[in-house]
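Two complexes come next, and they have one chain in common, subunit A, joined by subunit B in the first and subunit C in the second.
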Partner chain A sequence: MNYVRKLLLARELAAGLGILRRAAPRRDFPQLQGLICAQCFRAVPARSIQSSAIRARAELTSSAKSGKEEESRSGALMPFQELFEGDRKGDKDKASFTRAVEIFCQRDIRRRGHVEFIYAALKKMPEYGLERDLEVYNKILDVFPKEVFVPRNFIQKIFTHYPRQQECALHVLQQMEDNGVTPNYQTKFLLLQIFGEKSRAIRKYWRIMYWFPKLKHANPYPVPDPLPQDPIDLARFTLQRIAADLSAKVTVYQMALTDITDAGKEITQPHIVGIQSPDQQDLLAHHNPDRPVFVEGPFRLWLKKTCVYYYILRGDPLPPEEREDVIDPERNFYCPLSLDLDLDQGIWDDEEFDVDEVVEGPIFAICMAGAGDQNTLAKWILGLQHTNPVLSQVPVVFQLTPGPDELPLATDSENGEEEIPQSQHAKQEL
Partner chain B sequence: MALSFKLLDSGFFSNRCHRQNALRPLLGFLFTDRSSKWYSSYRRPGTGPDDAPSWKMNFSFKKELNEIKKNFELLKEEVQDHLKAPKGNNNLNEYFVEQMRVAWEFHSEKDLDKWVVSSDAVIGGKSEAYLKLGENNQTALLYGTLNTEVPRDGETAYSGYCAMRTKPLRRAFGRMRYYDWTNFNSLYLRVRGDGRPWMVSIYTDPYYALQKDDLYCYFIYTRGGPYWEDIKIPFSKFFLSSQGHIQDNQYELWLDKISTLGFTLGDNTNGPFQLEINFIGLLLDRTHTEEFAYEKYPL
Partner chain C sequence: QRPWSPPEEVFPYPEISKDELEEINQFVGPVEKFFNEEVDSKKIDQEAKIPPETLKGLKSLGLFGMQIPEEYGGLGLSNTMYARLGEITSLDGSIAVTLAAHQAIGLKGILIAGTEEQKAKYLPRLASGEHIAAFCLTEPGSGSDAASIQTRATMSEDGKSFLLNGSKVWISNGGLADIFTVFAKTQVVDKDGAKKDKITAFIVERAFGGVTNGKPEDKLGIRGSNTCEVHFENTKVPVENVIGEVGGGFKVAMNILNSGRFSMGSGAAGMIKKLIGSEYGFKKKQFNKKLCDFGLIQEKFTLMAQKAYVMESMAYLTAGMMDRPGEPDCSVEAAMVKIFSSEGAWTCVSEALQVLGGLGYMKDYPYERYLRDSRILMIFEGTNEILRMYVALTGMQYAGKILTEKIKDIKKGGVGTALQMLASKLRDSVGRKVDLGLVGEGGVTHCSLEESAKKLEENIYYFGITVEGLLRRFGKTIVDEQLILKRVADTVINLYGMTATISRASRSISIGLHNHDHEVLLTNIFCTEAYFKNNYTMTQLEKYADENLDDSIKKVAQQVLEKRAYLCSHPLDRTF
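Moving on to the complex of A and B:
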């Protein structure tokens, strides 16, 4: 015990504590002592002895500075908050964020407190709108000091070496994963340089690089990122997606327009975009004019984080007496009406599930509009009459549910959710 | 010292678990209310301490009688099935060449009772999920609102999920029963969604307690719009995850030990959602020859 204490004392002296005792102001002393002890045990002894005197002075000045800073930002709840709030008046953009990171890196050559700084930076990223920017993530990982946390012997390799720092890096990678940011070679080199191979952080990197490309194209209905800004382009993309028919044709019935008439009255015209396939036109042409068709909506569609609404024109399912009898080929054994033989199939092969089809009316057309009121949708029906003359004879019933304005929709502006304004609806006959 | 106390304590708890497990085949259904507490002393933040002494069960004679009756009925069924052919497949030849099977349909409230709907409300979140029959009694409609607001309990980091899952099959006296889907190689769904991606997760027999959180998952991407769409997912695509983490060592899904099937929504998007399911089927796709979609060699 005595021997150990002597050793420690010798080390402390070597680390220049004596000089510090003389030079340090009374107030800063306990803090400094703690800092230096911690450093002595962690760092490589040879290096700490060599550079002790210079470092001690550097620490002295920096700690005095940070003491003043601590006083000035006594209201801060998070460490390093002042770095990100320094240019509160300026824009919160990539340049100011990287500047904050650079300021931190230049402040102290040993990057003291980098773990806290990285956590703070991760938390601030969504505020700056940078949570999907790979360069910024690499910049943040670059804050870690290099080659210090690389394990040097097998015992360090077995146990997690510098667990707090590795966990911090895991948090960075986790946030990248949550936002769907695929790391690149620079990320890999940084992690290799910081934590060495077979560390937890680099394993996480390999995991991401295995699963991300594997599931990247799993979605058969991909959504472009970012979505088209123009509402008509967005409507065109949406309608083509939900119509599920390559022959369907998109028609723009009305462009969005805001105009002021001579009388000083403001006129706003919402856009109306519709889609109809030749099959649907055919169905509508054969529709019995005595039966009404229905305009229904709004129905919801999610394109990643954006919600759009569409309306459909549909008919009622046909009553059983009006349905055409399909004559199946087995009606006549001697002279089959059609023969559909698939010789690759065995007689026991069946390709149909034993379920009843859901009985629903046919859908004649789909549209998206800037406003969901009846007048706007009536304009859509008028537009449809050019290509479907039968619509002028068929009664059209508007069955509009209350729009999303009236629905208790949980909206949040930070998700960039778009909503198309809707107005009052009523069930009326045209 | 403290550590040894802890070990003793855990030993005591595990002893109790074993004793309870030994009783389970016969009397397990009597303990269903309290069993969850015995496995773990963990308490979520925000919930009050459970001070009720262990001998105070909410014991109702009538309820227990009903349970016993139900269990003996199940036992009778089991014996009958063993002597005769099982209910669904009377014809063995038919069973061997079966290529399509409708596993779940939704025609009545009884079909809905086979499912459990849950959301992050159980961990203090604010999502809501409901299940009801469709208008023409042919579909199930799963709807609700997703809310990613994290509960303020100081330890939850993520929130916002809604899920629907089948109840596991049980034999008499609480013994497990599993689906055997070895005849098939794909899952087949007829759904109508609203453009949101869902996750299908399959839970298998947890043979070792270590495997109790294992789930085999894959995604369904809905197109949205007014039309029904058919989705086919080969079982070879399902990847292994445990407690929400994809595992490094991947294993194939064992199709003879399927316990439950579920759908989960958790796409980090606040707002209402809706998924209409017509039926869930199983399919033998003879063109699909892939055994497992992920590498099984050690990396």
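Moving on to the complex of A and C:
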């Protein structure tokens, strides 16, 4: 096969010298080159060695070379950019991307400039939103000509054969790895065909295949990908994640609403989603009505790249006097609940200790709302009253820090502490 | 000379006099005849009802007042004789439960804590069976928790009666009973003047009005026994019907519950003895060999015989102890009998059914009915789990008191006690010979039981050391370590079983009862098995023992309960 290649190369060079002159005027229209080349040579069967084809190919190689020369001159990936931005009408999606790759593959059997093309494609992938798509990566890897880079003798095997191509493949695999895409059997076959065994690319593939399955379920609290878009679904997911209690119930107190009244005034209603578990309900039911409960917020929670804000309803920890420590001896009909002994646990045996154990007050409920002002949160408290009647007697103190959207305005209503002794007050305000 | 000798409640095995034995055999005859001829267990199970003729027959035999004193019209039997009759009544599970609910818990309150007027008023008719009694304690939200009882009894203005409001669930004899022992919360004023809610026991007659019961529950086993909900709506209860004193219902409840348990041992033993007599092993032949020539089948029969023997020994030992003058408190022993018998009955009936194979599974044969009836034994009268805690904690309380005495003594400067403890620790590490007065010269057991008795002594000694170690490690907080307490309870139950069997076998040989060498065999088998099980359990109780898997168990439980699901990936799952 080698001599055939050399023959083709020789003929190209000969033809190219003549065509360079013809190719020269074409330099004035660099934008059209790619398109023209594509149009010209789609019909040419890839494997036939005919003089016209050779000449045509030579034209393409010269144009490609000129393209490369343009690259080296301007430093920009011109023809490939056209391939990717040629679709004025369509949006950037998988079909147009794959079409661009196919166009490149078909216009030259030798896939000249494939390394640059692959780098350009890798760069363009995030724009098309395809960085997580395995099929597209396989298609990109398919751009490499097969069996050309496989080392065939001892010297080729010692020294990295075709290092630039191998590095390019490594970059493809690295982008796959960075985006968390697990390659599949097709990737493996492609890499084997292209680079052979023991190449750097296939070794990287094996490394990815070792670690990725092991680390796939490493996160005990995975965030679904993609995150739910609807704010109420997102709030539901977040609250269940924060509460971490399977018996907790999520209630939607208010849906997001934008209304235009008859007077033409726009009323917007933010959504309010809250969560409370039966344990928290019990704690709140036993809360002493003389002590206040606090609404605090907003607190940040990052879910991958989204930041959400939540508010809590909490109480202060009980002072030591009021804590229930006395166990009634007449509590259990069948067995004693405590031993009347003077013996304590041996100091050497107590292996339980927690540096982070801080006495914190109980948290009664959590909510997420579209807006973080006191009126919205007061509506949340009113909604909570349906299941926790004790809230109507307990004073609720709002301790809200300014949220991300709110600017610190010096207005009459303070953004800091404000006390509402009874819920009727809140009702009047609303 | 001997440092310690076994207590005389246990060695020798308690006996009854010849006259008493003849008297009880006179009762046994007619009752057995009645049960064999006139009780159709299959029909009772199918129709979920005891026919009125059967009930009448039971009443005429006096079985409704076995433990009621003769002056009130009952039979006035002692605990031992009650256990003996319990062996026969347990042939039909539903009848046994009806009788037990009536007298072992239903009217026990009046018997042990009632005033003379209450006894004279109610016991005669209860003894004759004209009125049936029921015990109303359990509510939907309260099984063993006294604080969650919702039934309330409020004093009327004139102070002469209480108004009872509430509902009780799963009450045996609820539909048939006319006299209920109800436990309700009443408001009591403390000596400090603080108002508290305390439990009071009441005798409530259906005639007081406001007493309704729901429909009988459809149960898995003991289907002939009537179990239903009982609702009290503004039932007027006169003050004279309070059992004990107002606010003292907790103690009454505890005493009632603790006193009725031991008869389960003899009852279960009676049932297993009947099952051993099945002829199926001889009739069926496979490969030209009778079934009972196969080793595995023989093992099953041995298991049944052994368990029946141990249950009987434990039950009658406890009954004998309770019959001693002074009425000692045998609640721990009774609990141990209940735990062992309920679990033993379940395994033995299961094995007996297994011997029959497919036939055992069919409704034509009684084995499946026995299996269903015996399942409830592990649940009612205190679930086995909570009774294990009771046995272990009561023992720990007793042991803890002695240990604190020793520690206080050392702290006060009692050098002697400290040196004693040190010396015994040194001797233990070298390996000492235990001598508890069972074997050897002046020993209380027969010499053929020497091996088993030595094993028992060794187990007892090392059990003592283990308990001391546990108390030093955990102190009061051992109440929360249920997995450890369970092991302690299992060891104690095995020790009690070994004691009972050794004592009984020793007596059998000494007086030459029929088949006493068979008893020795059974005792030796049981003692060897129990010895090794105890050793393993006590090894698990050591600190940092490899055999102790408690930490892993708790970790798995925490993870599974957090997600409320089975956590492992499916075996067919892939990651790529």
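By definition in this document, the second predicted complex is superposed on the first by the 295 of 430 C-alpha atoms of A that agree within 3 Å, B and C clash if a C-alpha of one lies under 4 Å from a C-alpha of the other, contacts with A are read in each partner's own complex, and residues count from 1 in each chain.
Rule of thumb we're sticking to: a contact is a pair of C-beta atoms (placed from the backbone, for glycine too) under 8 Å apart; a residue touches a chain by one contact, two chains touch by 3 or more.
What you see is a predicted model; the values in this text were computed from it and never measured.
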Partner chain in contact with A:Trp302 - subunit B first, subunit C second, else both or neither: first
Which superposed partner A:Ile260 touches (first subunit B, second subunit C, both, neither): neither
Which of subunit B and subunit C A:Ala243 touches, first, second, both or neither: first
Touching partner for A:Thr182 - first (subunit B), second (subunit C), both, neither: second
Which superposed partner A:Asp349 touches (first subunit B, second subunit C, both, neither): both
Partner chain in contact with A:Phe212 - subunit B first, subunit C second, else both or neither: second
Residues of subunit A touched, compared between subunit B and subunit C (which is higher): B
Partner chain(s) touched by A:Ile158 [first = subunit B, second = subunit C, both, neither]: neither
On subunit A, positions contacted by subunit B and by subunit C: 349
Interfacial residue positions of subunit A with respect to subunit C in the complex: 182, 184, 209, 212-213, 216-217, 246, 328, 330-346, 349
Subunit A contact footprint on subunit C (complex, rising order): 137, 144-147, 198-199, 250, 253-254, 257, 382, 386-387, 389-390, 393-394, 396-397, 400-401, 403-404, 407-408, 471-479, 543, 562-564, 575-576
Of all residues in subunit A, those that touch subunit B in their complex: 178, 206-207, 210-211, 214-215, 218-221, 241-244, 299-305, 307, 310, 312, 314, 348-356, 358-360, 363, 366, 407, 409-412, 415, 417
In the complex, subunit B residues that touch subunit A: 97, 99-100, 102, 105, 134, 136, 138-139, 145, 147, 188, 190, 194-197, 219, 221, 223-229, 246, 248, 268-274, 278-279, 281, 294, 299
